[in-house]
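Below is one structure. I have some questions about it.
Read from first to last, the chains carry the letters A, B, C and D; within each, the first residue is number 1.
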């Protein structure tokens, strides 16, 4: 027998959950993604490298900056362009803006209502007004960074190959909203200590993230189980395979083990690199590596918000408009890989170009498709013991589990294999 | 500090008459002096302003007839007795009625244009005009305005109506206003006031000139897009004129060059 | 308001100019030219150093670049115009509140006190033109414009250079500044001639230290420099009788060629220091609405909408409206040309249309 | 007013504009009744909608069925964003060989139905209003919702971006940098973001009302850009399959 939750709610993008039952017990399960693919990589073929960042940004409305920066890194590596330090700092700041905004949206609009058993932020705001308003203050701080540096909070326009098309003279007006957001996020952390979390641990997963000088965001090597590999080596360690029952490719380690990317992995792999206040917040919330309870990812995101805010304030304080905001790009026949930590985990891009800088091939691996397997395994583990599979149960129990992973289905679908179900 | 022309005044709606589908007449309390031909800018919350001609006045009130075509006019048409209307004005020039003293005055109105000629027509009935004729063309029976006055008007002047389309109830003329006009015996020095859609104005002028009436004796009230009504926003310009302040009433010979040319 | 007529003259050094600048910026919000992202534009200045001394713009129809030059006031009028400050691109003229079926209105006037530092002859004329539109030739003077305008302090500068698109001599507005300023600066060789033009200007110059009285030679040098610019500028077309000629050229065929090339992008009208057209917008939420005045343009596809239809559908008819307004209608409306020959609309036309060529073609072609 | 927010092929960015309204989203949620909005709530109801906001383009048979159903159930249907209005970036494939595009991504067995073309909503059902942009400007969303609440027909500008660019005080990038800018033929609404950030507009609000393409091609030629390149830029403008642009591409 099949049971189906036909439309996942409060996630980014549209997906469904299908359970296969045998004699009333869960036999198999699949997370179905019925968003049509948009063929973004294929569209890039034959187009100038200049189009890449703006087009790949459109893969996802909630983390476009991640796409812009992973792709810019790939382009700049391919063409041996070295972006000045100050420009990289501005990129970092912008990326923090996206983390803050995206995490705040996920925490307050999508995830938090679960913990109060409410259907949405609207109901939540009726009972916990202050909490929601704090969340909006945090979100706004992130959005303001994006607007200031890129014009708008989704699909900002300033990131271009070689740097920025323009950087502002002065960022000091960001300071007070950021400080307010930091204050609010510490207060929210205090508040969220009240939450109770189901006891469920993810066993057997490899935690994969980047490592760089700071808590990873903009670039770095890929790190797991105490070792690090170069971004170029990604495909040697991680494979995507087709699974008969699923419409999506599943990513796994080459040795067959499942892996996880995103907030939990970042925290587990880079705890000591968190900002001072972020470490304090983490400890106050009893978050210490190895953290395996997916429900606590909401707390990890909050810790990352604290980190991002603290770092963003430092960057705003030290900001001086760079003398050159954009270095020249000289296209050549070559290949480039770029990787960064999108809010939902590592986002890998690889492009090959011809002499004029036209795209010969493009390959993008977004975080959500990497976490697909982890989501299904956790759901399976969670639902295994149940006998009643009513829609209500699935909405109340299964959906919150999915939200733990903050899946971004729009991201996944430009890439995933899809079998369309008619709803 | 100079006086703010955008300052809005408040007027209570004293009376509302439904003229026909989507057209209402309002009596608005006001003490502002006005002249026939002038208009007010009426304001609607969130929608902005629209120029609306002063159709008539009474003791302590002004009469406006509004056809709902867009946001401002639709909002205004939803007002009822006792509500408040906000406006500024009056603006614009007036019909030069004196020019018709001792002569024949012909008024031509098309559709809602009757709102712009009604007051000057009523004035003319009490003025030393030698002969007063008013031809009113309406697209159909349903759209006729001011029905309650026809009897009175027919007593004070030669008042004729023609409809573009026949109707079972309608015993009067059917046909375009120009046809009615062609049949009319007119002195060559007659003065003409008209208001109606641009094509009607053009067609009537042609017919009038064929009858030997000179453009200097023809006046038309024009309609153009306007935002400020004080000759500063530029929208209503036609040739060198601002319809809002140099008009809306123009002596035809002065605007012919621009009015008859395409896209000026 | 600034007066006219020539007053006393002084000569100062570069340092003297800085002193003047500082004196003025302590009392006024100082607007002047600055080089930003490769373009010289008027903006609110924080320091004397922001003035683009020794820069010069190279301008052609649809082309603009800045290069270095010898001297100080080597540049010409900036890319944007002073109307930005007096007739702001976006201005809330009132706030409307709705309560129990009644409305209440709050009117707010901008209360900035500007000093325009470095205004050239063409732009001074443009201010005069705008004054006529909004104040002197309007039965209903505009209180928003008035509240800003009456406080403005004007430091004029004589042009000792010109760019390819300038045609002030044709329009009779420059290069020499003649009236309408508080004081006037002319760059001489290594020093600056300051001439007072109003009582306010006189008081200010009087309070300045380290100045000398201007000598006869200073005035002579000024004349020489102005003559030099003037003689290097070609007369673009004849303005005598231009209006009448244009009124005779309303026929579409005269305008169709330029209609093909014009993008109807509105850039000319927006860059023009005298184009005043605006729109009034409503920004509403449930019970509060703001009435906002924004710049509009006769090139906009909805500018002359009547009955859901723009009366000026074709691009050439919109171009005709603009050019006829500037060189014919304006004279009948306000007694002057609507063009002061600043050349901004030429430089900043992305299609590279040269207004002068169009005037010549239509009126004299 | 019963409201539904629906998603088709898209990046979700336009729906986010609702969240971008921040506190106003919460207060509007109290005035409107939001019956269907998968991204915002776990309680969703299919009903008759007074107002349906539709994000995304139509690129599968399922989507085609679903948009028709939404239309039947909605009084006012508003297309939001470049995908819904013009087919989105994914509609750039409409100008290419679909087989090639398809196999460029999927090499193995596949079992889903997808249309070769991604099309705007208005290709299938009547659209009452359009909010443009990739993504939409939240002020436009705000303005639209309030206008409807006040009982007015929402009005968004259709004039070219250059007008807004100038109001912003930008120096034209075509003139001062010799860069291509789609501003003269692009509908305004974004706040002239790209020129404000030193680059030419890439057209994300779609074509303005009746632009003069002939003059625009000439402008591009002066910048050294051939018609072929220009067409690529327009197809990749996120609005390449806008009914008005389609005709010239």
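In this section, a contact is a pair of C-beta atoms (placed from the backbone, for glycine too) under 8 Å apart; a residue touches a chain by one contact, two chains touch by 3 or more.
If you're wondering where the values come from, they're calculated on a predicted model, not measured in any experiment.
Chain closest to the overall centre, judged by the mean of its C-alpha atoms against the mean of all protein C-alpha atoms: D. Centre-to-centre spacing of chain A and chain B amounts to 64 Å, using the average Cα coordinate of each chain. Centre-to-centre spacing of chain B and chain D amounts to 43 Å, using the average Cα coordinate of each chain. With centres taken as mean Cα positions, chain C sits 50 Å from chain A. Between chain A and chain D, the centres computed from C-alpha atoms are 24 Å apart.
Chain contacts: chain B has residues 45-47 touching two or more partner chains. Residue positions of chain D with contacts to 2 or more other chains are 146-147, 150, 152, 198.
In chain A, the residues touching two or more other chains are 166.
Of all possible chain pairs, those that touch are A-D, B-C, B-D, C-D. Residue ranges on chain B touching chain C, taken from their complex, read 1-8, 10, 43, 45-49, 83-84, 86, 223-225, 227-228, 230-235, 237, 239-240, 242, 245, 257-258, 261-264. Of all residues in chain C, only 37-39, 41, 62-65, 79-80, 84, 89-90, 260-267, 270-271, 283-286, 294-297, 300-302, 313, 315, 347-352 touch chain D in the complex they form.
Put simply, chain A touches chain D in their complex at residues 7-14, 34-43, 45, 47, 51, 54-55, 58-62, 64, 105, 109-110, 113, 119-122, 125, 132-133, 136, 139-140, 143, 150-155, 157-158, 160, 164-166, 242, 247, 395, 399, 410, 415, 417-423. Remark: chain C residues 93-94, 96, 98, 101-103, 105, 107, 109, 133-135, 138-143, 146-147, 250, 252, 276-282, 284, 289, 291, 296, 298, 303-306, 311-314, 317, 320-321, 324-325, 328-329, 332-333 touch chain B in the complex.
Across the complex, chain B is touched by residues 146-147, 150-153, 155 of chain D.
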